[in-house]
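You will see two complexes here that share chain A, one where it goes with chain B and one where it goes with chain C.
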Partner chain A sequence: MAWQLSRNGAVAAASAPAAVLRPARAGRAPGRRAITPYLFLAPFFIVYAIFLLYPVIDAFRLSFNERIGISTPTFVGLENYRTLFEDERYLKALLNTTLYAGASLFILSPLALLLALAVRSFLVPSANLKSFYRIAYFLPNITSFVVIALMFGLVFDANYGLLNAFLEAIGQPTHNWLRSEDLALPSIVLVAIWTFLGINSLYFLAGLQNIPDELSEAAQLDGATRFQVFWTVTLPLLKPTILFVVVQAIIFSYQIFDIPFLMTRGGPSDATLTLAVYLYEIGFQRFDQGYAAAIGYSLAVISILLAGLQLLLFRAFRDD
Partner chain B sequence: MDRPGDDTQTTRSPSSSRISRRHFLGASAGAATALGMANGIEASIVPARKAPVVLHQEAVTLEVWGFNAERLNFAENAANLPAFTDKHPNVTVNFREYPFAQMHDRLLAALASGQGAPDMAEVEIARFSQFLKGDRVPFVPLTERIGAEIDNIYKPAASDPWSWDGEIYGLGNELNAVVLTYRQDLLDELGVETPFETWDQVIAAGKQIVANGETKTFAVHDIAFGDWFQMAQVAGTSLFDAEGNYQGDQPLSVEAMQFLYDLVYVHGVAGIAPADAQNDWFGPAYWAAFKAEQFTMLWGPPWHIGRLQIDVPEQSGLWAAQGMPSGLGESRPTANFGGTGQCITEQSQYADICYDLIAAGNLSVEGALFDFNQRTVYPAYIPAYELPELQEPSEYFSGAVIGELYASVAPDLPPFNQSPYFNDAVQAMVRLVITPVMTDREEPEPALRALGEEIAQIAG
Partner chain C sequence: MTVGIGVRGRILQILGNAILLVGVFLTIMPFVYMVSASFKPGSELFSIPVRVLPDDLYLGNYELLFGETSFLRWFANSVFVALARTVIAITLSLMAGYAFAKFEFRFKRPLFFLVIATLTLPLYVILVPLFSMMATLGWMDTYWALILPFTAQAIGIFLARQQLLGIPNELLEAARIDGASEWGIFTRIVVPLAQPVIAVMGILFFTASWNDYIWPLIVLTSDEKFTVSLGLPSLIGPYDQEYGAVMAGSFLGTLPIVIIFLIFQRRFIEGIMAGALKG
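So, the complex of A and B:
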């Protein structure tokens, strides 16, 4: 019957040009034809369902339960979520994470843009030099967080650190960078800037390369200054890239774990406690799985809300 | 050229034979949801697994997890001792080493999920408390198996930390008795008489040392709880009482914390220990400071002071050791600090074999001797103190018989009171007490009281 179908299809193809494509796909039963692409896709979805979707759904279920230690979960409704609002450490972690995200947004992202502009500008005239900078910018991104933490541990060390040695050399007072409640978070931010500045610059560089040079040249011919060209031509055209950089910076900032965990473990006295570090502490130190799941979901909700807000602010929906 | 089933396929309606994208995604989500629900149900009904009886002559492979290479060497040595191989000739043991936190986290996850745990694991004392939360302790009880051998171990070091509700769940091999060590050569130069009788004498000697230059006596930690924990025991108290109630805010605890503060900020004889988040007790910078003679005194258990011989070998013959001086609280001559025990998980099908492995290492002179030779660990197994090796004078500690010193203070080891909230208390103590007092110079008493409030809140 399949053969007949195929032959019928060929006949149809001869009489109707619109059906020309059909014979090429004929020769197999419709059911079989329909399922084949899904079979190819299935491994991804199966892995996705087991290792991502299932934990996400199960964590959601768990967030409505109390499960401390090796015990049977007890349904507690919204109790874990209610506790979040009364938990001073959670609120402190939220504040720290927000400050960190603010630094990513208002310090790291503009710096990354400046760096990208510098590489595109006359400051780096040679193409080889531009390539060198691109590679150099990417290197911190592929460096292990453990290595970064060790490296900056030596920079910030109170007794033998590079930073204090420098301050001492120029006659300035030294500090215990990672033990001071006032300086620990800025120190972590500094490490994050070093780590993520390069990759964000590359995003901006890619965005800048997509802006046709003719537009800038036309503006300059009309008498626009460098700043005016940047402000009225480059920046508006760079909006999609800025949106991407800002959204991913905010989302990843709210998930920051490695650097504070490796460098300070959230200390001193919670000065660098972030939501992800607190989640780990609740989940694996205190082993309060239900509450840890609620923290995780609060983190997800915050990230989604902030990303949505940014999309609205940038009017990305309307532009698209 | 019809094929079987082709007719059926062609007559099947498109809706029944084709899968839409929506259906496919829906089915995936449904399967994941079902998995989630099934897990929830499973977690509710699966009881603690019991170890079935196994014929020991059949080939068996044990899985052992640890976080320290030297400790795994100790376990591996036990697996090769005749006491074990004669009984279990066909047993193979796989030893897996993970980083400290990762091993304990994996173990927790495996035991909570009901599958994937090893037969045996090395569990550090503070992290052991995490396994006490919940409906059951996920380790095999060892009390009956240990039997009369219990009289041959120093319980506060060997079994107390892994005990809960009167049952022993793990055994450790290290005698974690705390003693005082100091640079005898420097004190001799200053004409200071040793051994010290009181802490006042230590402080007076410290002032002489400090007056000579940059050198301090002790390196007091400001991101780890251990110094307070040791001094609190010397003073006569601890973090929890025998019933598991917090007692860290009692006067003796406050006195211990004040003592540490005074050493650094009032007497000026001690400094803050070089440490970081990854090496909060001792790391390269810590030992480098001893090498550079920035610090010249140290209190601690063998696993701590024994590192002097490994990390500061050039000062061999310059150090001396003694029991803890009097003058702090109830003036106990020693304290009990640290340790790692071997536990059999409830998921193991070979609990008897695992216990024989534990006994071969922890309850034998051969096991004790191996770890003594490997890293100068003084054992918690009492008969091992008859070994001539443990009675030899220590070249590093100016010819002192350190084994004799430990044997003399070991009977005075304070009991280790475990609690499901021990690890929580340790973490909170660093945050609320140690760093605020030792770094920010806050008052010890309110800080310790705040810790009590936090522990009460955690315990619900």
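So, the complex of A and C:
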């Protein structure tokens, strides 16, 4: 991931003269020096230990206990995790979230790549127009999920919504988008694509900028068509970026909460129930803390597996 | 590139831009509708046929928002919480990032690895125990609960360290030889040189706090403590459905971020992109 950040104006690497200075540093009063870095670290790590590390451990412990509300936890072993596999609502949430992640992979990511390629290609010749597109498609990203959910609540409204008004105007049948078991999840997916298209194509644009133009120009001089250039030059060099975008999109998909929670409360009949919405319901409406902790850890396992997969594939690409 | 693309190229160009503009239209449209709905009376908002633009500029929604809801209070809360969270998070990140970038010490690698390992950890893992902790500390329904738990940001350490690695060691050594204290070196040399990453972190942390929904939802109970994100959906209850006012609030609640975006466009995009690393 460092390649992604090093583009962002961050400075490359430690300066070479450091090695020259090292002997001098070693000769200075070690007592005062030795404690300095820890003093700088302390504030961060105190907050970090209290509000992150401790809850991570506490959640792990809790996931092996039964605890409703403020009752005393009783140890139940793997019971909570076993329940996950038998709980139809959990499995439904897992399925919905996976479908949603699938849409990120198969619809959102290719669309974002297409958008980035188009904006960078000869189709958009002027720099001003390029940055106009960049900013316009980026706008959803500076809007909170809450506002997005409220806004699209009106767009998708069955009687007075913008979408149905438009469909009626062109003589198409209208739908009760958010109340239909078949259409609610696709509607949420649509909102998510609208939200994340811009940022994902920005990632692709950043990746494309790292590919030297000379390569594709040379290929074109050799008589390759635009498509051949894309397929044999651009795409292979873009592999790390694609991997990054896809994995991030999937990890993020598994954590979606605000949009389905505010637009449909996970309904109708759990058609848009996601893992995070279910966790909220179990943990903060039913106060079944042990089970909620287990759901939380199942989400963490998914994220860790995906991040691990990303790391492995990165290594494989680099060794190519 | 515009020279010699031929007739076919020209047609493709027009077609391509037409498609891109349709995309822009679809992206902008919900915003237009949000702003327009905020200037419509309920009778017009919920009438058929649906019209995009209001008949005339109706200000009742804004009057309702400012007169009968705590919107101004929510707005002030959002600003206060976001600023506090941002300032503390930047300070902690810079200090720790500086230690990781410019000092050698025991356990440096394991500590850094620990921080990086939690980069992609979903918030949902710690939601339940963090909530219990707030209850134990007596922090439920307080600003403390909104601010403090999110001030140790792994991504901040990552970004700060990356930037501070570039500060020449000679500069720090020279200051030490001149007798500057370690804290003096940090505040007078390191912090000024870290401006770019401070801006990126500032934007990242501020927007994250401004847009946060689930945490305020869990820890806040009283209306006067609400943030904009939590307050707006609360206006749509089973009995009152003041969509016009909600849209007015959504519009006003989005403005600060839009303004920051327009001023710091480049840094803003860097910040958001860095934020996505968090997963």
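Criterion: the second predicted complex is superposed on the first by the 279 of 320 C-alpha atoms of A that agree within 3 Å, B and C clash if a C-alpha of one lies under 4 Å from a C-alpha of the other, contacts with A are read in each partner's own complex, and residues count from 1 in each chain.
The rule is short, and it goes like this: contacts are C-beta pairs under 8 Å (C-beta built on N, C-alpha and C of every residue); 3 or more make two chains touch, one makes a residue touch a chain.
For clarity, every value in this text was computed on a predicted model and none was experimentally measured.
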item	value
Combined model on chain A where chain B meets chain C, clash or fit	clash
First (chain B), second (chain C), both or neither touched by A:45	both
Partner chain(s) touched by A:118 [first = chain B, second = chain C, both, neither]	second
Partner with the higher number of touched chain A residues, chain C or chain B	C
Touched partner set for A:34, first chain B, second chain C, both or neither	both
Partner chain(s) touched by A:159 [first = chain B, second = chain C, both, neither]	both
Contacts of A:276 with chain B and chain C, given as first, second, both or neither	second
Partner chain(s) touched by A:292 [first = chain B, second = chain C, both, neither]	second
First (chain B), second (chain C), both or neither touched by A:79	neither
Partner chain(s) touched by A:284 [first = chain B, second = chain C, both, neither]	both
Segment of chain C that clashes with chain B, given the candidates 21-29, 75-83 or 219-227	219-227
Footprint overlap on chain A, comparing chain B with chain C	1-2, 5, 34, 38, 41, 45, 48, 54, 58, 70, 149-150, 159-160, 262, 284, 289
Residue ranges of chain A in contact with chain C within the complex	1-2, 4-6, 8-15, 17-18, 21, 24-25, 28, 34, 36-41, 43-45, 47-48, 51-52, 54-56, 58-59, 62, 70, 115, 118-119, 121-125, 129, 133, 135-152, 154-155, 159-162, 164-165, 168, 194, 197-199, 202-203, 206, 248, 251-252, 254-255, 257-258, 262, 275-276, 279-280, 283-284, 289, 292-293, 295-297, 299-300, 303-304, 307
Complex contacts: residues of chain A adjacent to chain B	1-3, 5, 29-32, 34-35, 38, 41, 45-46, 48-50, 53-54, 57-58, 61, 68-73, 149-150, 153, 157, 159-160, 176, 178-179, 181, 261-265, 267-270, 281, 284-287, 289
Residues on chain C engaged by chain A in the complex (per definition of touch)	1-2, 5, 9, 12-13, 16-17, 19-20, 23-24, 26-31, 33-34, 37, 45-50, 52, 91-93, 95-96, 98-101, 103-105, 108, 111, 115, 118, 120-133, 135, 148-152, 157-159, 162-163, 165-166, 168-170, 173, 176, 182, 186, 196-197, 200, 207, 210-211, 213-214, 218, 229, 232-233, 236, 243, 246-247, 250, 253-254, 257-258, 261, 265, 268-270, 272-274, 276-277, 279
Footprint of chain A on chain B - complex, ascending	1-3, 6-7, 9-10, 12, 14, 17-19, 24-25, 28-29, 31-33, 35-37, 39-40, 43-44, 101, 104-105, 108, 111-112, 130-136, 138, 222-223, 274, 276-278, 280, 285, 420, 423-424, 427, 430-432, 435-436, 439-440, 458
